[in-house]
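In structure tokens below, several structures.
Okay, so chain A shows up in both of these, paired with chain B first and chain C after.
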Partner chain A sequence: MNGALIALRAILIREALRFIRQKGRFVAALVRPLVWLVVFAAGFRAALGLSITPPYQTYITYEIYIVPGLCGMILLFNGMQSSLSLVYDREMGSMRLLLTSPLPRWWLLFCRLISSTAISILQVYTFLGVAWIYGIDMPWQGYLMVLPALALCGVMLGAVGLALSSIIKQLENFAGVMNFVIFPMFFLSSALYPLWKMAESSALLHDICAFNPFTHAVELIRFALYGQMNWIALLWVLASGAVWLALALWGYDPARGMIRRKG
Partner chain B sequence: MTQAGGLTIRDLSYRYSAHGPDALSEVSFSVAPGRFCALLGANGAGKSTLFNLVTRLFTTPHGVIEVAGHDIRRAPRKALARMGVVFQQPTLDLDLSVRRNLSYFAALHGLSGHAAASRIDAALDRFGLTDRAEQPARALSGGYRRRVEIARSTLHSPAVLLLDEPTVGLDPQTRAALTDDVHAMCTDDGLTVLWSTHLLDEVRETDRLVMLEKGRVTYDGIGLPENAKAPA
Partner chain C sequence: MKRLLPVLLLTASPLVAEEIWVTNEKDDTVSVIDLSTMEVTRTIPTGERPRGITFSHDYSRVYICASDSDTVQVMDPVTGEILHDLPSGEDPEQFVLHPNDRHLYIANEDDAITTVVDTESRTVIAQIDVGIEPEGMAVSPDGKIAITTSETTNMAHWIDTETRELFANTLVDARPRHAEFVKGGTELWVSAEIGGTITVFNTATQTEKGKIHFEVKGVHPDRVQPVGFELTGDEKTAFVALGPSNHLAVVNADTYEVEDYILVGRRVWHMAFNTDKSLLFTTNGISGDVTVVDVAKRKPIKTIKVGRFPWGAALRPTSN
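Presenting the complex of A and B:
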């Protein structure tokens, strides 16, 4: 086997073992969207009226509407959590071990992204399974078509976290950035309310939501879950993913000294 | 060019910020193949900065670093492939077994399957870790964790081994045992070693010694300089 693939397999196994050990992380990642689905959506069901908009072909309940947004939420939180573990790794020194491997640095970072995305996808499918038991089901082909959409969105959101982790010097700072990144990204998107609904209250907020790459990730997932392709969302996800990946690679460029500490 | 297997550092300078002071200033020295070189300096002398540059965690346009004949700037992957590193910070995954920690590292250097397993077994045997191979790293004492890290750093048969204050926090007996082990690796395997420390008692009379002070080399010779030796 090629050295790069051997490293990829090792990084995937390490991430999987870490995930298995941290059962609390899995439960938390699952409980969070389920609380939104069962509690929040039930409360807002009566307050929010939804008209028929693609990909839906009929009136839908609010619970059905927010499922793709909650899938995106799992990817978003996991992407950031994975970056948090990068900051932790860096503080603990194991990131140094990774970066002193003779493999190309971009490949090592990409392996980390792929491994964290794989774990996120597992969590999304578990969530979709629980949602199915709860009575929210999608067309069967949607469960297949959503896989590449989840992979793309997972890598894009992981790249956001990776870029952020490269500029954050300490674990404590990262907690603050989580609040300034996760919550604005999540709430200023189409995850919880459709963009046309946002436009009714504020044109500016609507424009911010429309610019937010997370909105397009959610829409890509939403359409894929119904067996359809949203090309504009796909382009947005690809373009923003490329930008964040480039920023992450720049952030981890040794010429910038990604772990500059006086010693 | 460096002799094959040696380490050369020439006119190396580094600053953390454009207008800040020099963390390293025109540092030059070389370590011949199979030699043990102690890099001695107080905290803040620039030892870790030097290690970060040699391991390419940082880069600088000022100066040259050659590892086993490979320029770290021109051929970083070849240089890193010939280098083993033990960082000052602990780098073991404490929840993984000793063997899993070693196999993870081996994979990062492109080793898997039988080749990796036989090297891991040999390294465990050499460092007296065979009985602890399946234990989680968390269950090991500080001294044993360091042994695992040293064993791990040699899995890919490096020509140059860098150890950044590897004995920090260890008791005198364990420190002495570790320095003995690493000296033996120089003698037996022809490994080139750069060992950073701030402890005089880790330097032997026959060791090559480079002293760093405020980012500059203040002494380069064999054994401790006369003014640094303890009075009899």
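Presenting the complex of A and C:
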């Protein structure tokens, strides 16, 4: 096995071990979307029964609508959680140890992204399993087709976290990420309400939502869950993923990035 | 094997082509949905405010209640041409074709009568006084009993089809709008829109046997208004349209318990099955569409846009 793959394996195992040891993290990651599904969505059960938009072919309850958004929520929160652990790693010194490896830095960071995305995907499938037991099922091919969509979106959102982690000085600053990144990204998207509903209340809100890469991640997942492809969402996810990845690499480049400026 | 696959698929596909005909109350048209494509393939003009719709037993004619034209129109389903009108009495809303394939029993909403029309001689052969605002019509499988429900009198009127006279009147809940004989004619079910129930009668004794109640989670009880209903082929399950609650109820026809609710379009009125009763098509009045329900899975699978205010639905197998 060459060095690059050994590094990938090591980082994957480290992330998996951390995940297994932090059972609370797994439960918390699962409880959050489930609370939205069971408590929040129940109150709006018939709220969206008035319009049919693709990929849906008939009227749906709000509980069905919200599921792809909650899958996205798991990926988003995990992406940010991963950035939190990067900051922690940096504070503890293990990040410095990792980055002193002779392997290219971009590869090491990409391995981090892949490992955190793999954990997120596992959580999304667990969530979809619980949703299925709750009575919300998708076409069987949707469960397969959503896998590449989850991987792409996971990497994209992980790259956002990676880029952010390069500018966050201390662990305490993570609360700011919560308030200024996660919540706006989540609420200003199609995760909870369709864009046509946003347009009804404000054209500006609609435009912001349409510009938000998380909206496109949710739509990519939504279409994939119903065995369909949303090409526009795919392009948005790929493009924004590339931009955030580039920013993350720049941020972690000791010669140019934020790390240098922080000293 | 790969080469055989297309042949096997062809032989496995149903030989019977099917259409669902839907009357559009506000557009004065009928929308024809081709079940192989699940799309509207024809829109045919009718008289004013078409509501009830049914086919002759050989599907060579389709009868349409054109309520505001005060007539029942007879149409050639192949050409869409109106062949002639039948003397239906005023404001015909619903009707039922007798098993003899000849006599139509028509509810005349404004006149409080049930008109019996001979479709061959095109004459009125009887007019029977019933309660105020008659609407729901049913005839027993043996053809001996016809039922008219009256919306304002809140009764099911039992008509002897030989003497063409009432032999019983039974109270039901407020505004009964639809009636069907089920289980080989041993039971009569009558839905009450305002009462929010279905009353089940023993046909032999004309006495109440049971009552079905509905409660849709998150929907105000006033909006749960049962209207049309249909039973599956084995008559073990009934699907009931619940009007402005935008749901269908799935009812166990033996225990009279509601087992499930299915979200469909707005103000669901009536419904029709396909030939093998694997799919159910509901007319959604306000949203102007038809929702297709997978009967085995009890799930809506598609909603098809039709005309404005779709009301009645009927199946037409087109070839074999």
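The rule is short, and it goes like this: the second predicted complex is superposed on the first by the 250 of 263 C-alpha atoms of A that agree within 3 Å, B and C clash if a C-alpha of one lies under 4 Å from a C-alpha of the other, contacts with A are read in each partner's own complex, and residues count from 1 in each chain.
Definition applied: a contact is a pair of C-beta atoms (placed from the backbone, for glycine too) under 8 Å apart; a residue touches a chain by one contact, two chains touch by 3 or more.
Computed from a predicted structure; not experimentally measured.
Taking chain A as the reference, the larger set of touched residues comes from B, when chain B and chain C are compared.
After overlaying the two complexes on the shared chain, residue contacts for A:58 are found with chain C alone; chain B is out of touch. When the two structures are aligned on the shared chain, A:10 is found in touch with chain B, with no touch to chain C. Shared-chain residue A:18: touches chain B; no touch with chain C.
Across the superposed pair, chain B and chain C touch chain A at no common residue. The touching residues of chain A, when paired with chain C in their complex, are 42-43, 45-46, 49-50, 52, 57-61. The touching residues of chain A, when paired with chain B in their complex, are 1-4, 6-7, 9-10, 13-14, 17-18, 21, 91-94, 96-104, 108, 254-255, 257-263. Taken together, the chain C residues at the contact with chain A in this complex read 217-219, 246, 263-266, 287, 291-292, 300-303.
By the touch criterion given at the top, residues 16, 23, 44, 46-49, 51-52, 55-59, 77-78, 80-81, 83, 85, 87-93, 95-96, 100, 103-105, 107-112 of chain B touch chain A in their complex.
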